[in-house]
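Next, two complexes with chain A in common: one pairs it with chain B, the other with chain C.
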Partner chain A sequence: MNIETNFFKRLNDWVNGEADRLFPELHETDAPKPPEPVATIGPLPNKDVLFLTSYQAVALIVVIGMVSILLYTVYKLPLFGVADNPAVNEVVERYVEKGLEETGAVNVVAGMILDYRAFDTLGESSVLLLAITSVMMLLLKDEKNTDPDEELIEAHEAVIEDHNRDMILQTMTIILMPAIMLYGIYVILNGHLSPGGGFSGGAILGAGLILFASGFGHNRVKKFFNMKTFRTLTTIALLGYGVLKTYSFLLGANHLPTGIPLGTPGAIFSSGLIFVLDICVGLIVACTMYGFFSVFSRGEI
Partner chain B sequence: MNVIYELILIVFLFVCAIGAFLSERLLIAVVIFMSYSLVMSVIWALLQSPDLAITEAAVGAGVSGILFFITLKRIHALKGTKDE
Partner chain C sequence: MIRFLTDLIGVILISSSMFVFASSVLGIYRFRYVLNRMHSAALCETLGMMLLVSGLTFLLGISWHSAKMILIVVFLWMASPVASHLIARAEVLTHAHITDELEVVDDERHI
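Entry: the complex of A and B
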């Protein structure tokens, strides 16, 4: 048999879950084999041995090449802490000195990522949305990639799972869940005052939802967070971010004042748009984090 | 005192990084990777960037580990569980 078709057949089996190991030869010691007559175990075909050894050699060469390219780049970087580095210019000084005055955010990092560099954050949010879209394209279940037998088996397993929930996990979820959600909301809403902000707070919210889903099952989460909520929230949040900020990007940040007063630094309703943008980013991140979990584990949201 | 604490953390970071790819079972590799993220988040906090510390703890030690676990479950690579 040709080596390539052999390998791709194995890869295909492995991806489809029919074979446990991609390279069963490499894992022979893992599981005790059922006793077989010795005569049937022959040496591997020469071509397979050649392929396996050359595969490892090529992988080693590629990795060493990558590492040397990266190390060479590090060697070419400017030295640490030298005064005429490209990174040492008036921008940093301006952010630190005028940041509070111009953005109204006590947390200078929030002022940077959501005001001076708001374009970067829009890109990050779009990347998250793109990632969850690709995962959904690959893993979401519909009538074309499931068959009735499989669905029956899965429904059966779900019923068994519902009756055998882990009590320790459930009790801990009941205790921890309110604290986690409250902390996530606190981190999002306090993004301009204290460390944190949309991304970290959204990740905490998403982790709380994941904990609840693994403790009480997806069906309980579906009662308040289903596909429709997911779509609405992500669309509204990303669109809101875009509408609030794109006008400023298009004009090269030479925009008219928003009209929202910056407020007293340190108050919760201060720093203008940053407060709203933090909520938008938090919603997107929380939805995508839970979306990844749900689509990966169940193939649906 | 602080220097010794930081040194211990960095040694632990190296041990985790090497251990993660030397471990034979993928489940153990993921757990070691999560502890690597936890140590890294403490180091971020010591380097006075609490923003990164919170994000690293939530994403690195929490969500990405869970995603790895689910992937292992989907490809039936979790040994010693009911799933196998």
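Entry: the complex of A and C
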């Protein structure tokens, strides 16, 4: 073993925290060295030696193969923003050119996901509801999967937890929570005017609820957000989304007038149904986020 | 000339933030205990982010974008120390033999 590999091995040990000094010869001390550990393991079996020596070579080959496949794919990709890309076809042209006129939304993405492709967004919201439903089926507490001893222990732990709330977290929650909630509501309500919309705004609202719950406990959240609120909000939001979009799909096809005013583009109350649908999606996402946190940590909402 | 000076200050600040990030990544690998590692991770979230964003502000000049970036630093400085504090609290509360880890070893003799 020459000096170079020795140095790299030492550097590797030093970075991994196994050696105390990078250059031990510069720090010669007269302290007695600890005795060398006696090797108790005999020579390795033949198979293990083969594995250990070939491991790095095989890993290198696999990594180089993966990297070359990915680089080749990137090399073959069409350039970003070129006019004759396969992705730029008459659908995209129609969305960009007529989107503002037909949907009334300044944000073209909101016009796409909540007007042209609203059915797809309904599916996504239903997937969220389905996910929280299956998590609840597995983890929700009822009389069949709990026993009195566990409940006693958990009640005891809850009392200890309530007496040991973290004051720093509570103070920061009081400062940050209004800003977070306000920002989430702004992102939801401004979804048809600026980037954002129901999904991102709902995620921000859910994160604010989770922060409040971890600072002040689930019992404080339960005063304004319990199982009944959760059920009501998700049901009303999903049903409202379905009913509104059914109305607009049934009556608004083939350029029939639906009677929904589009308003002036750029105003806050504009773009017809997109404003309402954003609120519905935001409610579902916020409820689902907090529901996941609550069911996973406590087994109830 | 002033433009050149502000660009120079911005580049210096961003380079020093890269140094802070690199040393904190090295610290995360090198330290062995949670609290030591957390110390180095929190360093990159506060000092590194502040240096990086102030360097970007110098590069951008005074605009709404730099005001937003300063807001990002304010919120990060509120959120990230609290998160580090909570991790440390969890470690202290759940580690059964916390005093074993707190022993100060004299570096010159016990190598």
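Following the convention adopted for this analysis, the second predicted complex is superposed on the first by the 205 of 301 C-alpha atoms of A that agree within 3 Å, B and C clash if a C-alpha of one lies under 4 Å from a C-alpha of the other, contacts with A are read in each partner's own complex, and residues count from 1 in each chain.
Please note the rule applied: a residue touches a chain if its C-beta (ideal position, glycine included) is under 8 Å from a C-beta of that chain, and two chains touch if they have at least 3 such contacts.
A quick note: this is a predicted structure, and the numbers were derived from the prediction, not measured.
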| query | Given the touch rule stated above, what does A:I175 touch, chain B (first), chain C (second), both, or neither? | reply | second
| task | Pick one for A:I204: touches chain B only (first), chain C only (second), both, or neither. | result | first
| task | Using the superposition on chain A described above, determine whether A:F296 touches chain B (first), chain C (second), both, or neither. | result | first
| request: Tell me which partner A:R231 touches in the superposition: chain B (first), chain C (second), both or neither. | output: neither
| field | Touching partner for A:K47 - first (chain B), second (chain C), both, neither | value | neither
| query | Does the superposition put A:H156 against chain B (first), chain C (second), both, or neither? | reply | neither
| task | In the overlay, answer first, second, both or neither for which of chain B and chain C A:R94 touches. | result | neither
| task | Determine where on chain A the residues touched by chain B overlap those touched by chain C, and list them. | result | 14, 17, 20
| query | Touching chain A in the complex: which residues of chain C? | reply | 26, 29-32, 75, 78-79, 82, 85-86, 89, 107-111
| said: Quick check on the complex: what are the chain A residues that touch chain C? | reply: 14-17, 20-21, 24, 27, 29, 31, 166, 168-169, 172, 175-176, 179
| task | Over in the complex, which chain A residues touch chain B? Could you list them? | result | 14, 17, 20, 107, 109, 187, 195-197, 199-200, 203-204, 206-207, 210, 289, 292-293, 296-297
| said: Per the contact definition, I'd like the list of chain B residues that touch chain A in the complex. | reply: 50-51, 53-55, 58-59, 62-63, 66-67, 70-71, 73-77
